[in-house]
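You will see two complexes here that share subunit A, one where it goes with subunit B and one where it goes with subunit C.
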Partner chain A sequence: MKREIPIFLTVLCGLLITISFFAPTSNPTAIPPVPASPWQAVNAELLEWAKILFAVAFILGIANLFRINLKQIATRHEDWAYKAVLLVSMTAFLVIGLAEIHVKDLPPSVLRLLVPARTITFVDGSSVEGYLVERTQVTATYRTGAGLEPRAFLLTEIANDTEPTFKLWIYNKFFVPLQSTMFSLLAFYVASAAFRAFRARSIEATLLLVAGCIVMLGQVPIGDELTGGYASRAQAFLMTYVTKAGLRAIIIGATLGGLATGLRIVLGIERSYLSE
Partner chain B sequence: MDVSSGATWVEAITRWLNERALDLGPWVATNKLPTLVAILAFGAIMFFQQRRARRGEKIEIRRINGLDALDEAIGRATEMGRPVLYVPGTDEIKEIQTIYSMMILRHVARKAAEFGTPIIVPVKNSVVLAFAEEAVKQGCADAGRPDAFIPDNVRYLSDEQFAYCAGIAGIMNREKPAANVMMGMFFAESLILAETGYGTGAIQLAGTARYEQLPFFVAACDYTIMGEEYFAVTAYLTREPGLVGTIRASDITKVLAAALFIVGVWLATVAAMDAATISDSSHPGTAAELFALYQRLFG
Partner chain C sequence: MASPLDIDRRWIFLAMGLVVVVMYALGETETIPVSEYVQSYFDEIESLPEGSIVMLSADFDPASAAEIEPMYIATIHHLLRHNLRVINVATWPAAPPFTQKYFSEIAPQYGKVYGVDWVELGYTPGDDVAMGLIGQSLKSTYSTDDRNHSPLRDIPLLADVSDSFRGISLLVSASAGYPGILEWIAQVGGRYQVPVICGTTAVQTTALFAYYPNQLKGFLGAFTGATQYLQLVGEATEAVHEERDEDQRRMLVQSWSHLLIIGLIAFGNVAYFLGRRRATR
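On to the complex of A and B.
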């Protein structure tokens, strides 16, 4: 039964999703109007279940991260300091993020420590610091004052409300630059990979080199200047006919391969993803 | 079908189709009917080919150098006493390439366990983590070496693309795996991973059906498994008749699709040539009508 039940569930869910893909989507403005298909509701329900599964699985990821890194810190692995930075920053970000979500419930001292206050400027020019609890179409409720008591203000009274979230600040000041640094490495890697790929060691590599040179010349104005406009035309020919033909061959093959794999899984033919 | 009253047979087919506009209720949207028919036809070809393969008919699969090199790569890692790194791509488990990557991982883990070489699997998604742990555990069990499974070697790094990429680059530089196997869905990080791996001197095998990333892998890796080859890996490695039959089915469907393309191109060309010579636009000509019918059926 250890294999049969997962296979049954896979086949059932696969068939339900496939049926709902082909079912008509609701379109009341069409002539004649298309009513909502019950299969769309089944699809939506299954997707909700998938979202819950994904959310629960996050705990697995965090547990894995903690288990492996704590072990390395405990055994004083040579990179233990980096592991400690990882765990501290992850925990801090998690705590701050949770605090920002639970502004309504946190005690004042904890809230002041973890979440920066907003500055609410009123139409009369006065301002006050507080934490947004709730916003409706008419009012905004903030926790303000020494005891951070909830207080509602009419939106017409408020001129400006800054939103200095600490979580966003950390994200923008640390994470985004680090991410950009990784991405910018691509420029150097493209150059080094192209240098190796363009070495004319065989007929194929030579063709690649020639095609690459033509495309590069066609991309820049000086290419057309030097060749009397032929570079961009040759580039367009290569990209439109030669490259696209190869590309479509790869896409068709990959699509059919993906479809065959999908069918194999949905029909229970491919089972190597399951334990014995 | 009525071809009387001066109507051409193309007009008669079109009228016949119009009169029998299918109303399949809540089951099938009319505009998705051609897709459904194509998938059913493909499924029928697949079923037929699997039966032939199971009856013992020999189906040849051409050599895929990248897969033949898998043993060599893992053997090299064993000789050097260094681990194998398996990167399952950066997409979620709902992506077919990621699911397939898990199946390939099981085979790679089996080979690594047979050679007694540790395999490191960094993952980007926590659902993939659960699948990867199971695949490696099962691969080790397949090799008769369940003790070869090291839980700490299947590592969740980050859900963020470049944080994950930086984590793998770190593993490549610190733990110096002798073989890097990258199979799955890759995006902008593909070249960063492949070039970092090249820098560490590892033998590199990459496989993806994502055509945008293929040139980067071809340029930076020793072997690249591309497009349809990627989905043939388990069939190639196991030679299981049921799986090999599906490869033949894909090839037959490709030939049929190519034949349809040729017919479509020919019809479009003749229709365009006719349009240039026929002055009366109210009677577009047989080729144009046929092309319209073709577009309606396969467009």
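On to the complex of A and C.
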């Protein structure tokens, strides 16, 4: 049963998803309206399960990250301090993020500690601090006052509502500059790697090298200025005909391969996912 | 004698750094020719009747913002100026803050009202599975919007959208990799017969030529594509002139960086072959 049940589930889900691709989709605006096909409902349900599994994988990922890094911190691995920073930052960001999602339910003291309050300015010039719970087309409900009781305001009464979230501050001041810096270092490494590794050692390597240089020249305005317009024309020829033809061949081949593998899995022939 | 190939790589880093800094400091704005792919992207948006609904997907994060951000800003301007209604989604978790920031800045310039002219639904996990779900039923994929946490039934814009992507006239992806434009084409574009356009990073651009012009109606390839698009949008939108001029200035930096890399490749090959000949003798 250890083998049969997973194979049965795989075959069943694979067939249901495949059938739904060919089943008619609903169209309420058609005359007469086309109702939702039961196959589409099954497909939506399966996709919803897959999405939940995907979200659960995040939790598993976090748990695994803790397990591995805590072990290395405990054994005083040479980079243990970085690992401690990783875990502390991740936990802090997670707690603040979760607190911002659960503004409606948190006790006032915890909410005040974890989430910066919004400043709500009214059209009469007065202002209060509060936490947005819900906003409809007519009203906005905030937790305000000493006890942070929910209170609804008409949107017409509100002039401005600023949101100084701590999560966004961390995002803008740390995450964005750090990620941008990492990516911008590429320019330096690409230049160094091109100098060291791009060698015309064979015909294939020479073709790659020449094509790469043409595309780089054709991509920027100075290329045309230096070559009298030939660089962009040569680049367009390479991309429109050579690359397109090659890529389409690869995509069609890979898709047919994927289709064959998919069929083998759906029919229960391919069982490598069961470690067989 | 030491070979020139043994040069300390820090000299190369210094050369690249100098090119970037000097060219940016000297940078002048210069109009560049618009490619067919960029023109098609622009025309696809222009051809939509006012009031049509467009889904704009943010499939990027801060690492690729240098390339994607200019085209993302220009696209938001273009969509709102053309009085199109926008549903914004994100398949990358770090993308929504960009969306909130730019819509908050740009939408008031065109007098747009949240929930009526645009809505931000935010990130949903699941990569291409999530895209399939969005295509099948947007309203069951999201329970509330991202900005106000309002139930979707309270958002007027979404009253005109139903399952199977009906009501949405165009899908625009600002894509930096997986999941991104290739998954949108597979999960939504082909299946629900929705026109798809995108802006991408340089590394992903090459893969798009195979899909143009059928599955993909137009695309902005990297920073060059973004600059060309900003020129087109800038013809009727003064608000993007500053961004356009900045991008044109950066194109000069990119031009000389490319020249430096080509020069380094040529120099490396000459030194390699000279060294080999010397060794043979």
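One rule holds in what follows: the second predicted complex is superposed on the first by the 237 of 276 C-alpha atoms of A that agree within 3 Å, B and C clash if a C-alpha of one lies under 4 Å from a C-alpha of the other, contacts with A are read in each partner's own complex, and residues count from 1 in each chain.
We take it that a contact is a pair of C-beta atoms (placed from the backbone, for glycine too) under 8 Å apart; a residue touches a chain by one contact, two chains touch by 3 or more.
All values reported here derive from a predicted model rather than from experimental measurement.
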Touching partner for A:Ala44 - first (subunit B), second (subunit C), both, neither: second
Subunit B versus subunit C as contact partner of A:Ile68, first or second or both or neither: first
Which superposed partner A:His102 touches (first subunit B, second subunit C, both, neither): neither
Which superposed partner A:His77 touches (first subunit B, second subunit C, both, neither): neither
Touched partner set for A:Phe183, first subunit B, second subunit C, both or neither: both
Which superposed partner A:Leu132 touches (first subunit B, second subunit C, both, neither): second
Touching partner for A:Phe22 - first (subunit B), second (subunit C), both, neither: first
Touching partner for A:Arg196 - first (subunit B), second (subunit C), both, neither: both
Partner chain in contact with A:Ala260 - subunit B first, subunit C second, else both or neither: first
Common ground on subunit A, meaning residues reached by subunit C in one complex and by subunit B in the other: 21, 25, 50, 54, 58, 175, 179, 182-183, 190, 192, 194, 196, 247, 251
Complex contact set, residues of subunit A against subunit B: 19, 21-25, 34-35, 37-39, 50, 53-54, 57-62, 64-65, 67-68, 71, 79, 175, 178-179, 182-183, 185-186, 189-190, 192-194, 196-197, 247, 249-254, 256-265, 269-270, 272-273, 275-276
Subunit A partner contacts - residues on subunit B that touch it in the complex: 26-30, 32, 35-36, 39, 42-43, 46, 50, 92, 94, 96-97, 99-100, 102-103, 106-107, 125-127, 129-131, 134-135, 137-138, 141-142, 152, 154-157, 159-163, 165-166, 174, 188, 191-192, 194-195, 209, 211, 214, 216, 218-220, 226-228, 230-232, 234, 238, 242-243, 246-247, 249-250, 253-254, 257
Interface residues, subunit C side, partner subunit A - complex: 5, 7, 9, 12-13, 15-17, 20, 30, 32-33, 35, 61-66, 94, 97, 115, 124-127, 129-130, 132-133, 136-137, 140, 148-150, 154, 156, 162-164, 166, 191-192, 202, 206-207, 209-210, 212, 222, 224, 251-252, 254-262, 264-265, 267-269, 272
Subunit C-touching residues of subunit A, taken from the complex the two chains share: 21, 25-29, 36, 40, 43-44, 47-48, 50-51, 54-55, 58, 132-137, 140, 168, 171-172, 175-176, 179-180, 182-184, 187-188, 190-192, 194-196, 198-200, 209, 212-213, 216-217, 219-224, 232, 236, 239-240, 243-244, 247-248, 251
